[in-house]
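Shared between the two complexes below is chain A, which pairs with chain B and chain C, respectively.
Now for the complex of A and B:
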């Protein structure tokens, strides 16, 4: 465990060192949140409710979704691809600890920093817009659990995508594709309840909703207590499934690399 | 005048050299075609989903929003393909690669603009044109020669304004020693705002991101004018003015920046 703690520290320091990358990423997301805020605002001046969502709920959703999206925003596909090209990856694989565990704890360190920074920013914006009236202690606790599990789901997905980098040099494309997939299907941009017919069913069977939509709905209270529990359980199931998939793919992918020197 | 002719010729020569590098990245190019189609499809899908629940945003229908999107995407592709070098300035200053350009008997600005090419820009431009064709088709516009000419001028001006934005943001690096400049990235992300009509934003936001950083003139005013939206006539006249202003600013920034430049190598 001590070994992994060192990696948490490592990730934290890494986050500090690359803060400009993180801040610009966060600002870009924030602009998107602000734009969506105004889009919804103008929509709700014409009608009271869209698909069961009122302006009151939407005002919260936009900002909570932004918080969920900003935590753990840095993808590690690019850096892995770079290490594969340079051959440094072998040093990671030779270490006497699990490769995935190392990545996870490193991410956790960075995510801690990101969470703190985003929380301060978005917390104040949220309070300025919505005030205290919607907050509930029980839901907040469940939200934090669900947010953490959502990070787990996101990590598993990223890990699987990063394994693709063993097969292709185009890490930029891989990262981009993963980012768009998660943004689109996780509810980062609009609540998944608004998706029309078939697409809604597709979204339901995909793991992406666990990343943002589930924690958000728990926080703003569109999920009942029972629904919240079921969704949290679903997140855990997805982590197990994707984790297993990652292990299997990992075994294959690590066999592919061949490099000179070392 | 002859001087400028030479510059254009040089620009073409430089770009042809860049295009030759496509051969090296052939599979990469094909993959990017796929990824770009996919990501733009998702972006458009998002707009479709929003509109599947509601009739309009700020008085604009879905196809009209697609036109805004098309303008934005086209200018982005235009930068990527023709002037991607504008992105590279930051890195060049940081790594002192600029020194190499300074000793050549060709204007630094020209060399910087052609420092890089991104073939993804082609995909974006093609998608943008398709989206706009569909948009104009659905909006039931009546075309005449004058309108077509205005459209071309507006698109060209939108591209120039956008290049100048990135250019200016990148050139700020001249004054930021030893730091990474991500202003250009920030400026491009702001394009998100221009995907929707400016009228929906609060006045402060509109002031800063529509006029101070003149995104309103990249998509909102040109499209609004072509569609005959209320209150866009005056703005449409301002496009040329802002275009010229941005060019002047870019020129000044480069000139001042170069005067201020201290190489970090030796």
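Now for the complex of A and C:
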């Protein structure tokens, strides 16, 4: 375990080395959140509620969803693809570690910085807009658990997509496809409750909701305590399923991969 | 004890058959065609504990390909590899603990963070005891002259400095087997001399098994007793350097024999 934890430190240091990209990236995201806030605001001036969502709820949702989306936001498919093409993946595989475990903790270190900064920034904006009145201690604890599990779900999905990069040269396409899927079906832009009938049912059987929608609803309180528990359980099930899928795919992918260079 | 055992090892690469130019690329996009390239064509050899062997062969002979299969990161197309009795590809993690690897062209150092952090990470990955870590850092620092740049990120090192740091990194956990693929690229003469001495000492005292490739005859002669000549994926010669000199040399030096070999494709 200690060997994996050591990767958090290096991931964190690496994140710090890229602080200028990281700051501009965060600013861009922040502007996006603010824009989204005003878009929803104008929608709700014409309508009191959309599928049960009121402006009261929405003005929390926008910021909480943004916070949830900011962990592992970059995705690592591109960087893995680059390491394959340059042959640097050789050096990762020469280490006595699980490749996936190494990736996870490294990302955790890098994401830690990003998350902490976003937490402070978005947290203050949230408080400025909503004040303290919606907060609940119990829900916050469940939220943090669910947020962490959501990270797990997101990581498993990203890992599977990064394995696809072993087979294709078009890692950019793979990354974009994954980004669109996760952004749309996780509830990053639109709360899933607002989706129309069939689409709502589809979304319910997909793993993406666990990334953002689940923790958000728990925090805001649109899920009852029972619903929250069930959703958290569902996240755990998805991590197990996607994790297994990643393991199976990995077994195949590492057998076909070409090691370039030398 | 047998540290490395290779039997009838083969590697075929699938390579895209593309004609040049835009039209060629387009055609490949629609109807991709592949052909196989046999990089290693069924080689066999064994290396015992404490031996130091060198791979020698012209560019594209299949040396790096073989090393990639021996280190367990690439699956052979056919044949078997045993490292200390086990299949390295199937037991990648266990195998990685027992080997040290340098690919001179690549670096395991983290590009953007200080070199010392890469070393600390290795200490944790391999669970190297504090005492051993300090002793080795002290020793390598001395021999390889690391002290000057340990606090620099790897991107700021010169080629030779980077290679020296990579060599130290691969030795930190004192592996019983060392795979060195062109470990002296860009290293200056004085530092090379120290590296030779150091590797010979490690080989002698710790009985570390070494398999090395290099295009510098000096490397081979200084570090290794045994020579495996690999050409076009096949082994042409496998014995001591002395034997090669006696058999083919006459008045020629190792370098001259090898130049002849590469030019005429046979040992004469």
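The rule is simple: the second predicted complex is superposed on the first by the 259 of 262 C-alpha atoms of A that agree within 3 Å, B and C clash if a C-alpha of one lies under 4 Å from a C-alpha of the other, contacts with A are read in each partner's own complex, and residues count from 1 in each chain.
Assume contacts are C-beta pairs under 8 Å (C-beta built on N, C-alpha and C of every residue); 3 or more make two chains touch, one makes a residue touch a chain.
The structure displayed is predicted, hence computed values, not measured ones.
Student: Could you tell me if A:14 is touching chain B, chain C, both of them or neither one (first, second, both, neither)?
Tutor: Only chain C; A:14 stays clear of chain B.
Student: May I ask you to decide whether A:2 touches chain B, chain C, both, or neither, giving the answer as first, second, both or neither?
Tutor: second
Student: For A:24, select first, second, both or neither according to whether it touches chain B, chain C, the two together, or no partner.
Tutor: In the superposition, A:24 contacts chain B only.
Student: Touch check for A:77: first (chain B), second (chain C), both, or neither?
Tutor: neither
Student: With both structures fitted on chain A, tell me whether chain B or chain C touches more of chain A's residues.
Tutor: B
Student: Let me test your reading of the model: by the given contact rule, A:114 touches which partner, first (chain B), second (chain C), both or neither?
Tutor: neither
Student: If we overlay the two complexes on their shared chain A, which of chain B and chain C does A:87 touch? Say first, second, both or neither.
Tutor: A:87 sits against chain C, while chain B stays out of touch.
Student: Of the partners chain B and chain C, which touch A:176 in the superposed model: first, second, both, neither?
Tutor: The answer is first: A:176 touches chain B but not chain C.
Student: Quick one: is A:47 in contact with chain B, with chain C, with both, or with neither? Answer first, second, both or neither.
Tutor: After superposing on A, A:47 lies in contact with chain B but is clear of chain C.
Student: Of all the chain A residues, which ones make contact with chain B and with chain C?
Tutor: none
Student: Which residues of chain C touch chain A in the complex?
Tutor: Interface residues on chain C, with respect to chain A: 13, 64-65, 67-68, 71-75, 92-94, 96-97, 99, 101, 103, 105-108, 110, 112-113, 117-118, 120-121, 124-127, 153, 181.
Student: Contact residues on chain A for chain C in the complex?
Tutor: 2-3, 5-7, 9-10, 13-14, 17-18, 87-88, 90-91, 93-98, 254-255, 257-259, 261-262
Student: Could you please specify the touching residues of chain B with respect to chain A in the complex?
Tutor: Touching chain A from chain B are residues 27-28, 31-32, 34-35, 38-39, 42, 45-46, 49-50, 52-58, 179-180, 182, 185-186, 189-190, 192-193, 195-196, 199-202, 205.
Student: What does chain A use to touch chain B in their complex?
Tutor: The touching residues are 20-21, 23-24, 27-28, 31-32, 34-35, 38-39, 41-43, 46-47, 50-51, 168-170, 173, 176-177, 180-181, 183-184, 189-190, 194-196, 199.
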